[in-house]
Amino acid sequence: MSQENIIESLTGKTSKKKKSRIPAKLDFLQSATGLILAIFMIFHMLFVSTILISKDFMYSVTKAFELSFIFEGGSTVPVFISILIIFIIFIFHAFLAMRKFPISYKEVLRLKTHSDLMNHGDTKLWIIQVVTGFLLFFLGSVHLYIMLTNPGNIGPFASSDRVYSDTMWPLYILLLIAVEFHGAIGLYRLSVKWGWFEGSDPKKSRKRLKKAKWILSGVMLVLGAATLVAYMKIGAEHQSNYGERYTIQTEVQNAY
Amino acid sequence: MSREITITALKYNPSDCNSKPTFVDYKLQEEPGMTLYIALTKIKATVDHDLSSDFVCRAGICGACGMIINGKPKLACKTLTSDFKDGKIELLPLPTFPLIKDLSVDTGSWMKNMSIRVNSWIVTNEKTDISKLEKRIEPEVADEVFELDRCIECGLCVAGCSTAIMRKDFVGAVGLNRVARFSIDPHDERTDEDFYELIGDDEGIFGCMSLLACEDYCPKNLPLQSKIAYMRRKMIKV
Amino acid sequence: MHIRYTDALIIGGGLAGLRSAIATSERGLDTIVLSLVPVKRSHSSAAQGGMQASLGNSIMGEGDNEDIHFSDTVKGSDWGCDQEVARMFVQTAPKAIRELAAWGVPWNRVVKGERAVVINAKHTTITEKEEAHGLINARDFGGTKKWRTCYTADATGHTMLYAVTNEAMKRGVVIEDKKEAISLIMKDGQCFGAIVRDLKKGGLSAYVAKGTMIATGGYGRIYKQSTNATICKGTGHAIALEAGAYLGNMEAIQFHPTPMVPSGILLTEGCRGDGGVLRDKDGYRFMPDYEPEKKDLASRDVVSRRMLEHIKKGKGVKSSYGDHLWLDISILGREHIEKNLRDVQDISMTFNGIDPADKDENGWMPVLPMQHYSMGGIRTTPKGQSVNIKGLFSCGEAACWDMHGFNRLGGNSVSETVVAGMIVGNYFADFCEETGIAIDTKMVQDELGKQDEYILGILACDGNEKIFDIKDKMRNIMQDKVGIFRNGKDLEEAVEELKILLQKTKNITVANKCRLLNPELEEAYKVPMMLKVALCVAKGARDRTESRGAHFREDYLKRDDENWLNRTISYWKNKDDLEPALKYEELDIMKMEIPPAFRGYGRKGFILENPLSQKRQEEVDKIIENHKSDRGSLQEKLMPYELQAEYKIKNQRLGDEDE
């Protein structure tokens, strides 16, 4: 065991008699991972919702992720790697954020009565974040694991089959709700936490940020729900051909 | 015109082994301009001589009279009974601080610990000759320091903060604001590294989860949100 | 039973007590400060308007110095003050404020160039000097020749108290709050500490010390309407009284012109200092009619009386709380109010729903004079030691070392607290260094036992009086009969009624028999203390058949320098007496630097002159005329005074060489 660790854990100081810089790094990383995930989720939503435009479009975007413009027919390796990276960030974020969870009965009771009594907006938002974060732990992991083990099975039919025939939709509904609340609140929190967009009147900017947060959640939820419905519809129509893979139907293919 | 109002207070004397925590209702006639200070003083003088609460300045200046009033942390002396449309007011002692009796809590020890913990004083090696002209300070800087120096240690920011409720050792917005105050004071020679030693941990700046109840309930309207963010940005760079 | 030993025991954690604690701890003395409330909540925190110190940085303070500050203070006091003490004070005040600046008080600073101000209800522009930029600024206040009151918006006491408390903590002063001194430990006429009640737990303990200081602030709460905090009950005075100490000038009570109606919360003198004016029911600005020279900014005693005079003429504004007048600061403009009078605005909006920045009468705030400050207190020497009890010191509002006489100037009080903390604190430290604890544990325990029995006695008492009623009656008597306008008949009645009340306190019942945390029990031992203080005030006022400063007798309108140029000393002869004994301490005109004359405001021609005044004036004039060398040696000839060398040293000002 490193002596440095022993010193710090017993005295609270490093051997240079300084406070450890780790807490600063953890706080930064928590925010950074949160930010990456939140931005990723916006793009992820745009990506999966391409199904609303057309199957072809979604297909070609998928292929693009498989780097079909480099590898003939596309490769699942880049997809696998990106899922792995996101999974790692996801786990790391969860690991960091867990530090903030209320852990004992006493803490939960105090937090709950306090928040019920006070009815304070931002505190409630945080509780939503904790609860949704906790849910994401499971829901997100399942989704990511499935993606990780089936990097090739993404596409208009493959995805629809999964949503509909493999009964993933209940999970997705929950995941969608959880992640959109969690992410939007997270972005709002990041702004107030680090003083972004403060402007000359922080009180006013905060009101604006909060509004932006609600709008973001709203838009994403609507978009997500519509997308899910689209997958369900395709999945239902395609149920008899479960397992069949999509092939391009128009000339878009030639673009790549 | 006056109406009857009901004030419900939590009564409990932890130092008396026979005392059990109970809610007690008091009914009284409202008067124009009645504050909770006036109402409680009346209750104490007439119906219940035994009710304890802390009022000092009764003008919103000293920070002694923080309570949870219908759920919100507020200064009782600055709260008008007429603000409550249904005439029902529930009073609880501030959480987080040790309870002395009924509505009276020990904010003093908490604040003293906080002050000592963040070294809430000017640190400098400069010796001042007090018979000579004072050091010049840019007027805006002086105003800026004053703005943060207005904190009255009422503890409402602590009582409203769920982090502080869960984590007993959290310095609270009051402590973080204090550090920000000294960090911009030109008389203070401490560097960001020095301040990191005081608040660079999960009981300090990194423990704050940006719940902003502090900002919302601070009776002095201190810019806590931006000052905490300011300190966080500084501390992350150390 | 619990006994603690320390070198210096300081009862009271306001500005005065804490600054003294810094003085003793700098010398390495073990120091304990006791306070009823967390010290940062002490009443000093409520001081709004500012602190006087003759820095002369602002253009409107140009040319200011100790001499002018001295003269303002002496006139303000209506010649009741100890001029040597006033000299000590004015000489140290600039040092005090510079020390505070270094401790972090964010004093408002001078901005070079043009600045819009309101003077005499007119908008004017003044130009601050380039060289003054960044130095401590000042505002105008009542009774002063120059703009001399330094400030941090209207939270001056707050920032000062926080800085001083922080410094005390930095030096490791032991501060114990929620501790109440209920009696002094005495042996052979010397004080060795106090018996203290723990207000968090209710138990008693003894604090034994080489020296004891009382810095417990004022006693305004003996009045029904007061700007003072709820803790300003004068218990510090009462325990000194009970130990046999002399109190000085207890009848000298200041009434502030502009507390708000009905809450009694103060609206700072800074309102008028910055240019606000008083108006009557017709919106008419009446003060210039009465006081053509200083107008709204004559000294407080004068303005308060003029206001009541005006109300008596039927010019008051009728309200359900009686007649009042208006304070108008709307002319200062919203920007100024929101920056420099922010607390005033906040108070007015919260308690009366009035935004004082609103135009014209919408923004006028209802005001009426109320009790505000206690000039009187524990009579001490200029070094701060009780004149008749060894080892007992006092400073701040609690003391009467006597720099305020019969009226104190706004801004001179917080200034006094820190200055006295420096000067008296050092003398106190000297004393503690030289003294040993010559009292044995047994005696301490006896005293502790006695107090214990006293408390048990109150709980055992089974009478038919109610302590809350007694308190109410006392406060009403003081309000109605010992107020701004006083007369022999009312005062006589007041004394008699207060005596009856004091008698009645021995015949009460406390419902809850718990001896620990019991608010009713607290009242039961405090009210008799308050009554004793009230009796000193009422009796002193009854016997003083003249009008001086804040003490105004309708039946004796003149200031009587022939018979009453003296200080009232009140003391409790026997424990069971129902009233204090009085005696008088003469003021020696022939030693005064400024002999009695007209103050320059207030009623003209209402002085019964003492022939010595003229004689002394001639003497003084001659000394000044014949004097050739420097200011310091002139002072030695006019009126020498003792002061620690480090404080006596010349104060540098802008423009002085070796800057």
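Think of it as A, B and C in the order they're written, each chain with its own count starting at 1.
Basically, contacts are C-beta pairs under 8 Å (C-beta built on N, C-alpha and C of every residue); 3 or more make two chains touch, one makes a residue touch a chain.
No experiment lies behind these values; they were computed from the predicted model shown.
**Q** Which category does the touching pattern between chains fall into here: line, ring, star, complete, or other?
**A** Drawn as a graph, the chains make an open path, so a line.
**Q** Looking only at C-beta pairs in contact, point me to the busier pair out of B-C and A-B.
**A** Higher C-beta contact count between the two pairs: B-C.
**Q** Taking CA centroids for every chain, report which one is farthest away from subunit C.
**A** A
**Q** Which chain is in the middle, if each chain's centre is the mean of its C-alpha atoms?
**A** If we average C-alpha coordinates per chain, B lands closest to the whole-structure average.
**Q** Mind checking the centre-to-centre distance between subunit A and subunit C? Centres are C-alpha means, answer in whole Å.
**A** Once rounded, the distance between the two centres reads 64 Å.
**Q** Quick one: subunit B and subunit C, Cα centre-to-centre, how many Å?
**A** Spacing between the chain centres: roughly 28 Å.
**Q** If you average the CA atoms of subunit A and of subunit B, how far apart do the two points sit, in angstrom?
**A** For subunit A versus subunit B, the centre distance works out to 38 Å.
**Q** Show which residues of subunit B lie in contact with subunit C when the two form their complex.
**A** 13, 15-16, 32-33, 35, 44-46, 49-52, 54-64, 78, 80, 100-101, 106-109, 111-112, 115-116, 119-122, 124, 126, 128, 130-139, 142-143, 145-146, 149-150, 152-153, 182, 185, 187-188
**Q** Could you list, by residue number, the parts of subunit C that touch subunit B in their complex?
**A** 37-38, 40-41, 43, 45-46, 55, 94-99, 101-104, 106-111, 133-137, 152-153, 155, 158-159, 162, 166-167, 169-170, 175, 177-178, 200-202, 229-231, 262-263, 265-266, 320, 339, 343, 346-347, 350-352, 468, 472, 511-512, 514, 516-520, 523, 649-654, 659
**Q** Going by the contact rule at the top, pick out the subunit B residues touching subunit A in the complex.
**A** My answer: residues 68, 71-73, 92, 95, 160, 162, 165-166, 193, 196-197, 200-202, 205-206, 209-213, 216, 223, 225-226, 229-230, 232-233, 235-236, 238.
**Q** Help me check something: in the complex, which residues belonging to subunit A touch subunit B?
**A** The touching residues are 18-21, 23-24, 26-28, 99-100, 102, 107, 110-111, 114-115, 117-120, 122-123, 126, 189, 192-195, 198, 202, 206.
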